[in-house]
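Look for subunit A in each of the two complexes below; its partner is subunit B in the first and subunit C in the second.
Moving on, here comes the complex of A and B:
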């Protein structure tokens, strides 16, 4: 029983982080049609910028102020990065490949930049809520509980935005037919910027969640990025509920596998499952065959 | 009255390949204009250059006195020149309701969104039945209706239609022709590319034959024309009876 609850809690917690990362990745992939390797660094930056605002060694602001500020700063960063290394290549036939190279290069530069500015020494963020609760004999921090509760609310808001608001509809539309978007008067370039900014803000939030739970390092975004990649491929991107569901399933799988066969072999097993999915249903488990969102 | 659309010496194309070699057309006042001619001779390219999807190489396009030659498509839409492209597949994953809502994107069209939606439903009652269905599930004719509906939601001052009846079954085609006629009668001027000459003659008395990226012939309002004459423009004069 205890083991079961432990596995479930771990799945919910890690699933929340993966979902937060994967939705941003899917958003950029569906609107712009490129894979953004900077997404992991956005998460790192989110954590470090928040640390800069909140830490008593730096600005010492309250968390309630620092968190939205960090999301804003990183969103602005995402916007600038998009303008610098993605937008110039849009319209070229090889934009997918070029964007892989430019975003990889930018992520490497930003990772090292983070190390230059804040140093390699691990830092930590305060928890969103201090304290622990006892749940069926298992201690869990309130920080983790908060993340498990907040994530579905945020993702629900993103879903509503994409499905109910005209601007969100436009974001989905640009993924499906760019010419037709031009012809109803949509500023497609601005939507690209919006998609990147929104994705970066979500990654920053995941970074703050992460930083209150584990020590931060300039490389902290690498592993969540690879997990988000697995999630997006596994779930498909036809609908944002695809990567969200996939995130929780992957996290559950990971938790079970870690318990049964151990931490060491779990990533290998995960990628084996991924390859199997790619062979059986390459468009993702919850996806049709087109590129589209929500 | 100033002519709504005036195009002078327009040249454009794709990459290095020139498609339009100095096209000049103009509407007379607010009257409809029809374009016809063989496939692959620049009609669609002309319309895509007008709406800004393709950059003009040289020449000018004026809409209601404003030079729109190098404007971005969204600014042209904002002025009220709305282009319905050929075989528009629209947004496959959006529903009809969502797609029409996007049509009201220009700020000029926001205030009249509800009235325009009523108008679309009045002209295409069929769409109301499929209101929450994804566009991908629609037939070609229904998709064409949504496509024109989206244009009406943008509150057009000039509607540019590229082969609106292409590939439709005869019954659907009649329905669509009647709808387009109605839109025109309700006061929206049209620029129409169409292969169905009867339909074109019914809509417009000012026609241009586009051939090899140039205007081969202009038929001005009031000039005699009949089906026979237009067929001869397409295929050349038939000299003697075929034996």
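Moving on, here comes the complex of A and C:
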């Protein structure tokens, strides 16, 4: 029983973090049609900018103010970045490949920029809520509980935005048929910027989540990015719920596999399953045949 | 350019590089040139699958890693002769490429990027988890070095390794150029440019992809084996995103589907990275910004920029024909 609860809690917690990262990645992929390798660095930046606002060594603002500020700053940053390294290549035949190399180059530059500004020593963010609770004999920090609760709310809001609001619907329209969007007068360029900014803000939030229970380092975004990649491939991007479901499934798979066959073999098994899924259903487990969103 | 003339230029280039150590006595400078040759082999092989084949193979550095670990494990654990192991590392990488080709034969575009990326992560995880054989996270150390009978590889100011690396580069460049000129390479290009038409003309997509990937793996794996014999250790660092970015930028900066462009870019980037080595964290920033700028200004890469330059010099002095109107 204790083991079961432990596995479930771990799956919920890690699943929340994966989902938060993967949704932004999927958003950019579907809207702009490029893969954003800067997404991990957005997460890192989110954590560091929040640290800058909240830390008593820096500005010393309360967390409730710092968190939205950090998301705003990183969103603005994401907007600027896509204007510099993605938008100029849109419309070129090899945009997919060129965007891979430019976002990779930008992420390497930004990662080292982070190191220059905040230094290589690990920093820590305060938890969202301090303290621990005892749950069926298992101690879990309130920070983790908060993440498990907040993430579905945020993701639900994103879902509502994409399904019920004009702006969100326009975003999906761009994902489905760009030429038609131009025809009916939707500002496609502005929506590209919006998709990138929104994705960056979500990544920043994930960064604050991470920074609250692990030490931050300039390289902290690399591993979550590769996990989010796996999640997005696994779930497909045709539907915003695809990557979200996939995030929780993969986290559950990891938790079980770590318990049964051990920590070292889990990633290998995960990738083997992923390759198998792609061979059978390359567009992802939860999607139809088209490139779309929500 | 006729092929004979190209062969002549290639031979001339090799001769120039071969006499270079007579002028360059500095051991460190020779080391840099060795790295240029190793990166050149890997980048130009990548150009074969990426530029000519149009296969967005993101696991290319994993093939390099397979070669590196194959060399390390064969020489260290089985005591195989280093030269045989160098050949075997090429074969091992080709085998790995064939395994990787399996899942991506029927995929397209970005999915190939993702699967090959997943494949490289899988190889990395296997290496980490099989630490009894591979040394896991701490890597393999004290790998047997390559040896030339009657020649001291340690006290020759890196002359031995310089010529082995140069030989590898020459063999690789020759084979790659021959491959892309042969019917088999032509049909790979045809598939890249118009898949439906090429398939309808009877070219097998799956077979071509398999052959192209294996061909691009052979010298990459041998370069990995050489890397292991040269540094005498193997670590999982070669799977890192940093090395992949560096080599991918060599391919793209040099200009895709040229082979020579990648060699030129590996020369420039290796020396540039070295020239600004003492700038610390600024170095990746400068290189990153530079890559973005070149992609913005010269979409065809350095090779295209160079060709445009040569053409401009060629037409200097001639009277410009004025356009009508």
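Keep in mind that, in the parts below, the second predicted complex is superposed on the first by the 294 of 294 C-alpha atoms of A that agree within 3 Å, B and C clash if a C-alpha of one lies under 4 Å from a C-alpha of the other, contacts with A are read in each partner's own complex, and residues count from 1 in each chain.
In the analysis below, a residue touches a chain if its C-beta (ideal position, glycine included) is under 8 Å from a C-beta of that chain, and two chains touch if they have at least 3 such contacts.
Here the structure is a predicted model, which is why all the values come from computation and not from measurement.
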item	value
Superposition on subunit A - do subunit B and subunit C clash or fit	fit
Subunit B versus subunit C as contact partner of A:169, first or second or both or neither	first
Contacts of A:182 with subunit B and subunit C, given as first, second, both or neither	first
Subunit B versus subunit C as contact partner of A:101, first or second or both or neither	second
Subunit B versus subunit C as contact partner of A:231, first or second or both or neither	neither
Degrees between the directions from subunit A toward subunit B and toward subunit C, using C-alpha centres, nearest 10	90
Partner with the higher number of touched subunit A residues, subunit C or subunit B	C
Superposition-derived minimum Cα distance between subunit C and subunit B (Å)	15
Overlap of subunit C and subunit B interfaces on subunit A (superposed complexes)	none
Parts of subunit B lying in touch with subunit A, wherever the complex brings them together	51-53, 73-74, 77-78, 82-85, 88-94, 98-99, 101-106, 150, 154
Touching residues (chain side subunit C, partner subunit A) in the complex	50, 56, 102-103, 106-107, 109-111, 113-115, 117-119, 121-122, 125-126, 128-129, 241-242, 244-245, 248-249, 252, 281-285, 287-289, 291-292, 295-296, 299
Of all residues in subunit A, those that touch subunit B in their complex	166, 169-170, 172-173, 176-177, 179-180, 182-187, 238, 290, 292-294
Residue ranges of subunit A in contact with subunit C within the complex	29, 35, 84-85, 88-89, 92, 94, 96-98, 100-102, 104-106, 108-109, 111-113, 115-116, 222, 226, 229-230, 233, 264-265, 267-268, 271-272, 274-275, 278-279, 282
